[in-house]
Structure formats: structure tokens, C-alpha cells
């Protein structure tokens, strides 16, 4: 895949410079080495802080979701690589308004180790922290090992819901509980059509045949559940839908939000073709779709493919999802 | 390029179904054959209507920009093909609240012929119409033939500015004048790295070497000004910047809005790397950037590449650009 | 005399021809364009054929109805241009149920002028306009259907041959400068097929 | 006795070794991982070397400073794990300026426990933990630096050989199930290079 950048080692730093130059109202760099992005008004006294972090190359995830009603700070890693312990600790410090800080991020080994370690470090500074791991990717482990699943686009719902709870000045335990409920209620699955290229590596993350696709592949190219012929939008969407419903059955009267997400190259047109199928099938089941999202919310740079996420709602999640929020990539 | 769809002949219709299912608050289908999308509240009595139209495959352009403070209706063509005269006439009818209708669209032969003919048809029904053609692509003709230039991402600024003027209940002539001023003040240039595939054709729109790019290529693969080695982000951006400034010089004290737009596959990360360069160069010249846009605003499905647009502002355009607007793809 | 009946007959012939010509025209248009010319004409003639039983006696109104058949089924250039030409002819014949064959050349001229205005194009641009103009000139003064068709067919052939070596100056094909040399314009060829179907 | 001075000496040796070993470790990690293991260790030992002159006499505090050198320069797994191990050893030695060599095995054990908790991994997963455990067991009861190093080196070699035919159960390499058989774990090999540099 052809990419537009300068030197691979500057990819992330220059991206951060651009983000901050374009959106100074939303993002400021902080932390040693500038590897933290924070809301300019953070820390907000008395509000629970929410931090996330992870490898770069997934915009708008993670950084994109800083703002009122959303997150407070984000630790930035190299492309597809965990941020260091120091930026994570700095992100927690930047978000700490005295009411404690929730660490809310996707379940990846490196991120977990580093965030755990960062948590231990800031404990010395009397910052209380909690953790919620997003584990929505049903293709990455069976239901009996749910805690081992990777976190993918479901993050966006968790960010939104936790952010709304914190904005309402709930306590750290309440914010953590809401985030955990959101994480428990999210299910995702993706299909990859092409790889992407990590600038420092200079070659595609994996290879795949000209007319093949892989169902369940992870956002860094982690193996999925099945490789097969590229099929029609309805067949692909139907298979993803079944995988989600098998894991989290929905029945008449249930309310879900649905996110049809492009991994990067797959255009909006095709996401809407897929959404059309999901809307029809859920309508037939009597399931109501609330505030659907269709677009690029959690990507793997220029990878072709898409993911489908359900977030099952109850009264509380419904209200938190509808609460106002503001960032360059999501405004409600 | 691998694509996700069902039958090529249903690509556009199924996309429309998905769009309307996902965003019923913004879009309703109308017109014979459902080839028109309109705001559900259109026509709005006493407000000047604004219609656009063109080939599909450019989302969010054109349809995406229907909503309060934006457009009222859009005629939908097949992928990269002009809509018919009938949908265009139907779009005008759908938008007509009695104060006349502005036809605001990109300068492409087929679109122009059909919109002209549609205008003649609705004249019989006493609907007053005007036309503003967006001609921002500096690579498509020299300054002495500005009127022959194609319309590309500059459309987004014209839609926003005309939409704000109409929302303020200006007259048809005033809305037309504001749209024309926006069109006159927009300059764009693009660079293409890969082609995209029109579903009905089933093959890429053009071929280009593994490490080549084409500066000035049009959004349907129209030839540009120069094909050459793929270079660094700063070099590419620098070349585009020079082309824009040669056509529309900017000097200290000037105010512009800047749109760094992905043609589809090129990720946000790389747009921000490019924006960083633009911001630095304009700052060095003493030019102020107002409300920059970075993202996918006018695409060619999964084409890799980007475009750079300047919209030079005066007091009126500045205020119209800052006025509120609301659609799924742009909220101010 | 050109009447609604002769129009109905002509529609039947053109519709018949498109059954076989469509593939050829798609292919021709596909070389440097989007390959839809045959589709455009099949759809339009299908619609014309369906509407033919209800063609009014007024030649002008009948031609107007034909124009609408084109605008209803396609957004492609050729459809809009033919519709524009038919509308011009409709204006010139409104209120008459019979139009002398000798007026055909003038009707082609009226169509030509309207289409050139619509397409912002000129003779020599290697488009359907050049075929139309050749037919207009060859049919001047003729008043016999068979002679009209034969003269037009011959003239359009000559025009195609004359322009073959020139570059395309309009439409999608224009963007492939050198590639266009030596190729025939699909719009001109389509016009030739339409004329020949009337022989 | 393990002192700040002997730590400073060891840092110099490890730093020296990474000049040549980094490339090998990058390559090894690149086969089934992201190829940054050598970079991680070069950066960390570079930082250790820079900070070495200011190493405090308190062995615990000195080890804590070493841990921070790792967390400051890298976000990669290996760096965080070694930092975790160093922190555990730091806790066990805080307040002492001299630690008997006989305690080394126990310190390795403390590191192992902390790292296994941090990595949510177990012995047999074919990671640096298996190398650490082999060294811990081999050094039990030993009190002479040269003997410690020789025993550890020998034991880690044996552990690498023993696990070669097993699948990876942690980290990036885990996702390439069959491909991993017959390959050595880069983290174990890196640990071996560190030990050998002390001989």
C-alpha cells in the first residue's frame, strides 16, 4: 500500500503535531517526550479522569475521543506498539483532578502490562486508579474465555458512556461500573480484505489472496477464525451478524446501538450497504437500533475491511449514549 | 481493490437504503425511482432551496451535506456517472419552498447538461433557479480558463457557505452571490496514489506504478499535470501548496480555511502529517487558518491519495463558515 | 409526410436494431469511456417502444414525449443530447399532425443547434454533432424517405472516416489524448446504426 | 558482595554486549514479532550507562533507578518485564549497600514472581520467564560470581534447547502457532546474552 509520510521514525510525532495544530481546542501535548495528548482544560478539579492509550495507526482511536463528555488524556505509542509506562503514568497525572482516574483501554498484553505498571507508579503519588479492559472481539476467544478477548471498535461505546458518566460528576466507582457495563454489553467482529503497512517495517502486515478475506482478523493482523473467498456484502454481514448474535442473543424489545466501522480503505458507500442489511435483520427480529454509527471510528490505517459492533443498551446506557459530547470525530 | 457489495447494479440503491435507514432524521428518498435524497422537512416555505447532484462514489459528497444550514436535496447518479435529468428536476421540486432554488454542483459536462435541461423543465412550473458551478481544481485548466476547471473538494465550502446564507433567509440572488463568492475563493489540487474500482466495470479506473503518484489527477482518474515518483509527505504537500499559492496568492493578514482531504484509503494519520506542513508554511507567511478540516470530505471510494483546498475568507464568508450546521458528516 | 405513425414505425425499427447493436456500442464506449452507450440506447428505445402505442397525433407533442423517454431512463450524455435534439424538433413541429419530409434537414439543423448549445461543443469536436451535421447537409432538399436515409447513411460514414484520425475534444474520451487517434466516436457510430435501421 | 559498584560494572558489560547482540536480537524478534527487541535493549542499556555514574550506594535504590531506565525508553514488553523484575529485586534489597551473592538466586525468584504476575504468564510458555527460572534453579546456594554466571549460562542454554520444539504461548509470536515450532524465543536468547556478557 502506498503511504504519505516523511521518515518512519517521525510518523507518530508529526501526526501528533498535525492533530494539535488542527484542533488546539481539543488537544494539547504533555508528558515527558510529548507522548501524551490531553484536553487543554485537564485536569478538571473534582471530575473523575479517564485515560486511554495504545499503539498509533488507529485514528480516530484513541486520541480522537478526547473532549467534553469523553476522555481526558491518552498515552501514545508507536504504530501498533504499546506506549511506554512513563507516558501512561503521565497521562494519568494529566487526567487526575483529585477524584481518581479510570484506565479504559483495549485488552492487549503490552498495554495491560504497561498500564498496570503505570498504575503502581502513580499509586506512590496517591492517585487512585481503576481499570476497565475492552474485550469486545468475539473472534479472538470463546465465550468461556471472554476476558482474553481483544478490544476493537467497541472501545468507542465505552469511551462515550464512561465519558458521559464522568461528565455528570459521578464517583470513580460509578464511572468504572458504567464503563464495565458498556464493555460487558459490547460485541464486535471484523473482516479484513487487505493488510496495511507499518511505516517502520515498510512491508504489509500480512499477505492475503487477491479474492480472499479473513473473518475475525484483528486490527493488527492477528489471525481470525476463517479465511475464505471474498463474498457479497450481504453474506459477509450475515456471517458477522450471526457471530455476534450467537455470543449475545437479542430478542424483540431489545435496544442496541450498532457501529458499522471501516478499517480504513473500505468506503462509506459499502458500510451503508452493509448497514442496510443489519437494519433489516434486526428490524425483523423486533430489535430497535438506537443512534447507529457508520464510518471510520477505529481503523488500521489503510487496511480494507470492516467491523460490526453491537452495544446492548439498558436505561442507563441509553441515556449516557445520548448525552452530549464533543470531539473532532464525534459530536452529539 | 477489494470491495464489499452485492450486485453492481444495486450498489447505489442499497447505499441509499442504508443512508436513509441510518439517518432518517437527515435523509428521505423522493422523486421517481427514488433517485433523489432530500431533507425530511424540505421544502421549507420561504427559504431558498439549494440542490446539488452528481455521480455516486464520493461520500460524504454529495448527499452527505443535506441538513440544517446546508443543502436541501440531491440528485443521485450511478457511480461516477451523472444523475438523470428527471431526478435533477425532482430534486429542484423537492427543494422549492417558493423562494427559488440554487443549483450548486461541480463542473462536469454531463452534470451541467442535465442540470441545465432540468432547469428548463422546472421553468415551466414557475420555479426560479440559478446555477453556481464549483471549479476549484487548479490542475484541470490554467487561470485563463478557470471556468473549465473541474469541481472537487472545494464543494464542501460552497455547500456550507451557501447553506448558511439560505438558512439566514437571504434571497435567491443573495444566496447565489454568496455561493459564487465561495466558489471564486476556493482552490484545490489533489494527488492520486492508487485507482479505485467502479463496481459495474469491475476493474481499476487507471493503472499507476508501484512507487508512482500523479499530481493533479481528477477524482475519476482524469489525467493530472505530472506523474512522478512517490515522494515524502512534505515534498508532496509542498508541491500542492505551491500550485495553490501560484493560482491564488496569500499574504500576511489573509484568512483562509484549509481542507486536507483523503480520497479514501489514505488514513487520517497521514492527513495530519500533511496538515502540519501546511500549518507551518502558512504561519510563516502570516496567513491565519480558520476552522481547518482534516478528514474524508470528498472521496473516490477506496482511492489512495489526498487533496488540499484553500477557501479564502472575507468578513461575510468567515461568518457564514462559522454559522451552525448539522448533517451526519459535518456539525458546527 | 412525417406523422405520429411514421414515428411509431421508426421507433420499432430503432428498438429492433438496438437488440444487436447495444453490445457493439457498449464496447466502443468502453474503450475510452464508461461503456454504457449501448445500455443507454437499449433502455431508451425500450421505453420509447412501450410508450409508442400512446403517441399523440401532434408530431411536436409526440417528439416531446420521445425526448422524455430519454431523460427518464438515463443520465448519460448521449441520452440528454438526443433528448435536447428531440425537444428542439418538437418545438419546430408543435401543432402539426403532418410534417413534409423536406423539412427533415431543417429539423436536424434545429436539433444540432440546441445540442451544440447544451454540450458547449462545436463541429469538429468528434461527437455525434458531426454525424448530425453530415446528415443535415446530405438531406438538404430531399423529400423521399428512402433517399433521405440513404444520403444520411452515406454522409455519416464519410464523416466517421474523416474524423477517425482526429483527437476527441469532448466527453470522457477527450482525456486520453493520443489514444483517441484512429478510433471512431461511439456517438457517431450509434447515430449511424439508428439511421441504418430506418433503411 | 553485590554493591552499586558491581552493578555499575555489570551495566558496562551488558552495554558493551548490546553493541553486537542488538542486530541478532532484532532479527530473531523480527521473525515472528515486531523486530524491536535489540532496539529496546540497546536504548535501555544506553540509558543505564548514562545514569551509571549517579548510581546511589543503596542497592535497592540503585536497582529501582535501573528499572526506571527501562520504563523511560521503551513501551515494549521486554522492557516492562525486566523493569518489573528489577523493581521486585529493588524492594528486596532496599536499605542495604551490600547484598551477599548467595541471595542472587532468591532475587531472581522474586523477579520471576513479579514478572509472571505482570505478564499473566507461566513457566513453560516459552518466554524469558523460563530462562529466568532456569538461572534461579542453577544458582541456588552458589556464592561466587564466576560460578553463578557459569551455572546460569549453562542452565539457560539447556532451557532454550528444551523449549525449542514447543509452541509460543505469549506475546506476538503466539499467533503463528506452527511457525513457532523449532524456533528459539528471542527473550530467552536476550537473557542468555546478558548473562554471558558478565562472564
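Every chain is named by a letter (A, B, C and D) in the order it is written, and numbering of its residues begins at 1.
One rule holds for everything that comes next: a contact is a pair of C-beta atoms (placed from the backbone, for glycine too) under 8 Å apart; a residue touches a chain by one contact, two chains touch by 3 or more.
Being a predicted model, the structure only gives us computed values, none of them experimental.
Using the average of C-alpha coordinates as each chain's centre, C ends up farthest from chain A.
Here the spacing of chain A and chain D, counted between their Cα centres, is 33 Å.
As a whole-number value, the distance joining the C-alpha centres of chain A and chain B reads 29 Å. Centre to centre, using the average C-alpha position, chain A and chain C are separated by 57 Å. In chain A, no position touches at least two other chains.
Taken chain by chain, the contacts run in an open path, each chain touching the next and the two ends left apart. By the definition of touch given earlier, these chain pairs are in contact: A-B, A-D, B-C. Remark: chain B residues 1-7, 11, 14-19, 21-22, 56-57, 59-60, 193-194, 210-211, 213, 230, 232-234, 236, 264-276, 279-280, 292, 294, 296, 299, 301-302, 304, 306, 331 touch chain A in the complex.
Chain D makes touch with chain A in their complex at residues 34-36, 71-77, 79-81, 83-84, 118-120, 170-171, 175.
Against chain C, in their complex, chain B makes its touches with residues 32, 77-78, 80-87, 109-110, 112-114, 116-117, 121, 198, 201, 222-223.
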